[in-house]
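Below you'll find the structure, written out as structure tokens, and then a few comments.
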Amino acid sequence: MSTPLLYALAGVGLCLLGLYGLIVYAHLLRKILALNIMGSGVFLILVALARRSGDSPDPVPHAMVITGIVVAVSATALALVLLVRFSAATGRNQLDDDEHSP
Amino acid sequence: MIEASGTPLPWIVWVILLPLIGAMLCFLWPRQGKTLGLLTALATLLAVIALYFQLLDGGVIRYAVGGWGAPLGIALYADGLSMLMLLMSALVGVGVSLYALGYFKHSPDNPAGFWPLWLLMWTGLNGLFVAGDIFNLYVTLELLGLSAVALVALAASRDALGGAMRYLFVSLLGSLCYLIGVALLYHAYGTVDIALLGTLVERNPATHVALGLMVVAMLLKSALFPLHFWLPPAHASAPAPVSALLSALVVKASFYLLLRLWFDVFSTVSMDLGMVLGVLGAAAIVWGSVLALRQTRLKLLVAYSTVAQLGYLFLPFALLSPLAWQGGVYFVLSHALAKAAMFMAAGNILAFGGHDRIADLDRVAQRLPITMTAFCLAGVSLMGLPPSGGFIAKWLLLDAALSHDQWGWAVMMMIGGLLAAAYVFKVVGFAFTQADAPHDAQPVSPFMEWSALALAVCAILLGLNAHYPLELLAIGGPVTFVSPSP
Amino acid sequence: MDSFFITVACLLLLTLMAGLWRVLRGPTAVDRMMAAQLFGTTAVAILLLLAEALGQPAMRNVALVFALLAVVTVMAFVHRAWPGDEPRHQQRGRHDDVE
Amino acid sequence: MWNSLSIVLIMIGMVFFIAGTLGLLRFPDVYTRLHALTKADNVGLGFLVAGLMLQADSLTTALLLLLIWVLVMLAGAGAGQLVAQAALQRQHPVAKSQDDGRGHD
Amino acid sequence: MGAAMTEAGLFLLDLLLVLTLLCLAWWSLAATDLFKGIVLFIAFGLVLALAWVRLDAPDVALAEAAIGAGLTGALLLTTLSKLASSIDNPPAKRSSPVLLWVLLVMLAAVLGYAIMSLPQQAQGLADTVASQMGNSGVEHPVTAVLLNFRGYDTLLEMAVLLLALIAAWSLAPRAATSCEMDEALTVSPIVLALFRMLIPLMILVAAYLLWVGAHAPGGAFQAGSVLAAAGVLALLCGKRLEGRLAGWPLRLGLVLGTAMFVAVAAAVMVGGAHLLQYPLASAGKLILLIEAAATFSIGLTLAMLFSGQRPSRGPAS
């Protein structure tokens, strides 16, 4: 198996792990970690496949991933602030599982 | 088609830059937030109108950012469809900005963040509507999603924080699914330019998987049944101007993106999914309406009504005729105006009585006549009664269904209309009567009342001037929008 | 020579995986944090070896960044996230009342 | 000649890394484990860097390697001190490790 | 024979790396103790940086290293300490129905199949970028893409970062009581002095990464993240922003990067050029100008996001 393929498939694996964690775990911090792992998986797919071009890899996906990392960091920071606020307001670290409020 | 060069002012750039600059100014001088925000809103409206005339004169606009052009650089692209979306956002945006002037004066919600966040959201919206590049769309999508989440959380109540949290997860999950699609398309075809992809895309596994993921991502973000679970808590608990923006514009942005992908990128690939989307849309109409009818809180009722109304947008995917697509796009416009007006009216009622329990609405109609008029006019459009915009939209959809003898869809639309009438009249009925527990009334700012009415009137006017939007839609629209489908 | 560097890098990666056991096992938070610290050093070593083996000088900058920033996480750990930090919980509670 | 010397140096560094990891795994309490860790940090990486410096093609590379080692050492020493001090202040038991406190309080 | 050995060794390394990555991701999610989960997540970031290096993406590796080692860990640990309760043992789970497993397996199969069906060789835009490098004003391809060819993406990305900060400030409670971290812990002055010594070094490295980005891996975001780490360390060492700087000077610093980007992007249009169409002669300088401003703002923004509250200017904020 070629290196790009190996890492791209690992990226798929990370995406699915992240998705599983996001759906299954209730604690919001775990969900945030799960989203980050899923994001890393997507980035891994993007960069791994860019290496198929031979000696010098395609720089465009690298730039996209750097943009993506900045966006991911921003989103994570926002999510963490929101989590702290939510936790302080409700005393809980998870969302109610029933979806319809009152 | 014109290659927009520098000499006539490139308004397509300014519709993105103006709100961004405004947002930075509002952040720098928070005390002048209102003035700066309103000025920016008006300036953006003017830029959108200028772009409209540019489009009328020269047809579809393609603008190469940095002068590179595809596939290396990023292209901006505006046709009739993008223009309608821009105009819709500008109209609703100015209305909501005026509304916010009054709203944040008395509300307990945190006003400091509203102006910069809303202007950044507008940047994301306009950027999304004129983007010609699927990766650039990802960035605008994130800008839009994160600002929407932050705006919901401004309300700072427990419900709002929970709703914002759920909304954030859904939004990020959707963006990541979309990004996987982008990765697959880029690595399959070596470009992220929409126009180029449209010519290159062929039937192969990568394309199909990308299509599937991107469609699911957009369905999630535009809350199509059964992926709607996040919408009511977020939309109902946000501050009223934010609810209006979310229901009117943000969900439409992902619907617009879906249309772009569907027609400009994946047009040559199978359209088998269309029937599925149509069925889900029909289910959304019934399910959303029934739940709306069962709500006891006004804002939740309006939010579930959004779930129902979004269902109509997906019927054209199954009807597959140009008439249906026109109806679908028309529905986007009329729902945006009507729903913004309705959420604003609901916000007025909430501010007036301090609560939004439908059963305890105490003679609101007599005491807030302007607001109640706005609510009723918006309701007329949602029900699809003439002469409203909603009527034209439903008429087009019905016409499309009946001309192909697809009675099932027509019946669904009728049922949806009746249910909409039921939940609107439920509110109106309680608004006229005296409640068991009469309550004190807080003053409601005239800005809030009149801006709600103005948007509601626009929703009605949309029905009287149907040919303008439809002609605009024809400019550079996808083939299926204007000529009969095979 | 290159294959030697790569072999050493593989071995180091194996020691890193072995160190994971301490993170998983604990028992205290300090143990976990220290194991993570060791991972940082191991990663620096692997990066330096690969930089030599693959002829990529830019990797040394990555190693430099790791070496430079390693203290930040430890400092954050010691200051903010020490478990069982009772005074901090009380203080936070009081802060909430103020809001 | 230089090659074999750097192989030897790197091997020695490697041994320290393995020893450090073993110490981390086997030693009974926080303080001794900390001790093991610092060995790997300082000495192991030191030998490894020395071995690599022999291979360096320019002076800047060699100096960069040296700088990295110094930084890791500083960080390791500072962090070790910090963690040990904090652990002492919070009275983490010496020698016999307690059960994980987090799960039960 | 040496080449074959190297190949085999590298393949082994790749396998180990991938395996470690997947294990770390899984353990970090499933950890009984959230603190453990965070530590494992930090380790995941470390190993991921190694993976970037193996994929010949040193720019991404630098970004991952800077953000992962400097900020993410600190941010997560701080958040954990602020939560109502940090105990989630055993992790609260929703039961995973068969449907979910079917979905995941299907998704894995479909995605894997799609990826394997892609051609083994693909140039992407590598050649196009290489042919236009001479017109970009810089010598490093990734910087050329980020700041020139696809500069508009980066402009919007700066807006996203600014957005995160505005959102965080609008959510954060006003800094009424300075609930800071120094209580009950005395750090020995030597350690403190040592760490404070590292701060200028970090700033120096940030400047170096910014400068080197024009012709080698590095650039504004990597430099900004290192700068942010310096800020975080300063905050942790007890340094605070001076009151007189906490008002509009701080705000100006935060928007500087985005504002400079917009200003340059729009200013080049005066001569009739397109948005972000730098004149070739000054492209390199303009890019450096944008990057310098962006580095400063990124560093400041990330450090402020870590601090978690808007610095107060005094009683009337």
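By letter and in written order, the chains are A, B, C, D and E; residue numbering begins at 1 in each of them.
Throughout what follows, a residue touches a chain if its C-beta (ideal position, glycine included) is under 8 Å from a C-beta of that chain, and two chains touch if they have at least 3 such contacts.
Everything quoted here is computed from the prediction, not taken from an experiment.
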From subunit C, the most remote chain by mean C-alpha position: B
Which of A-E and C-E has more C-beta contact pairs: A-E
Greatest separation from subunit A - chain, by CA centre: D
Subunit C and subunit D, separation of their C-alpha mean positions in angstrom: 11
Where subunit A and subunit B are represented by their mean Cα positions, the distance between them in whole Å: 27
Centre-to-centre distance between subunit D and subunit A (centres being mean Cα positions), rounded to whole Å: 31
For subunit E, residues that touch 2 or more chains besides their own: 10, 33, 35, 54, 56, 71, 80, 82, 86, 111, 115, 118, 122-125, 129, 149-150, 153, 157, 160, 163-164, 167, 171, 173, 185, 187, 195, 198, 201
Residues of subunit A engaged with two or more neighbouring chains: 15, 19, 45, 49-50, 52, 60-61, 64, 67, 71, 74-75, 78, 82-83, 85, 88, 90
Overlap residues in subunit C, where contacts from two or more other chains coincide: 26, 29, 33, 35, 40, 64, 68, 70-71, 75, 78, 82-83, 99
Subunit D to subunit C touching residues, read off their complex: 3, 7, 10, 13-14, 17-18, 20-21, 24-25, 30, 33-34, 37, 40-41, 44-45, 48-49, 52, 55, 61, 64-65, 67-68, 71-72, 74-76, 78-79, 82-83, 86-87, 90, 92, 97-102, 105
Parts of subunit A lying in touch with subunit E, wherever the complex brings them together: 2-10, 12-21, 23-27, 29-30, 33-34, 36-37, 40, 43-45, 47-54, 56-67, 69-71, 73-78, 80-85, 87-88, 90-94, 97
Subunit E-touching residues of subunit B, taken from the complex the two chains share: 5-7, 10, 13, 17, 20-21, 23-24, 27-29, 63-68, 71-74, 110, 112-114, 116-117, 120, 123, 127, 135-136, 139-140, 142-143, 146-147, 149-150, 153-154, 156, 180, 184, 186-188, 190-191, 204-206, 208-210, 212
Contact footprint of subunit E on subunit C as seen in their complex: 2-3, 6-7, 9-10, 13-14, 16-17, 20, 23-24, 26, 29, 32-33, 35-36, 39-40, 43, 46-47, 50, 53, 56, 58-59, 61-62, 64-66, 68-73, 75-83, 85, 87-88, 91-92, 94-95, 98-99
In the complex, subunit B residues that touch subunit A: 135, 138-139, 142, 146, 149-150, 153, 156-159, 161-162, 164-166, 168-169, 172-173, 176, 179-180, 183, 186-187, 229, 232-233, 236-237, 291, 296-297, 300
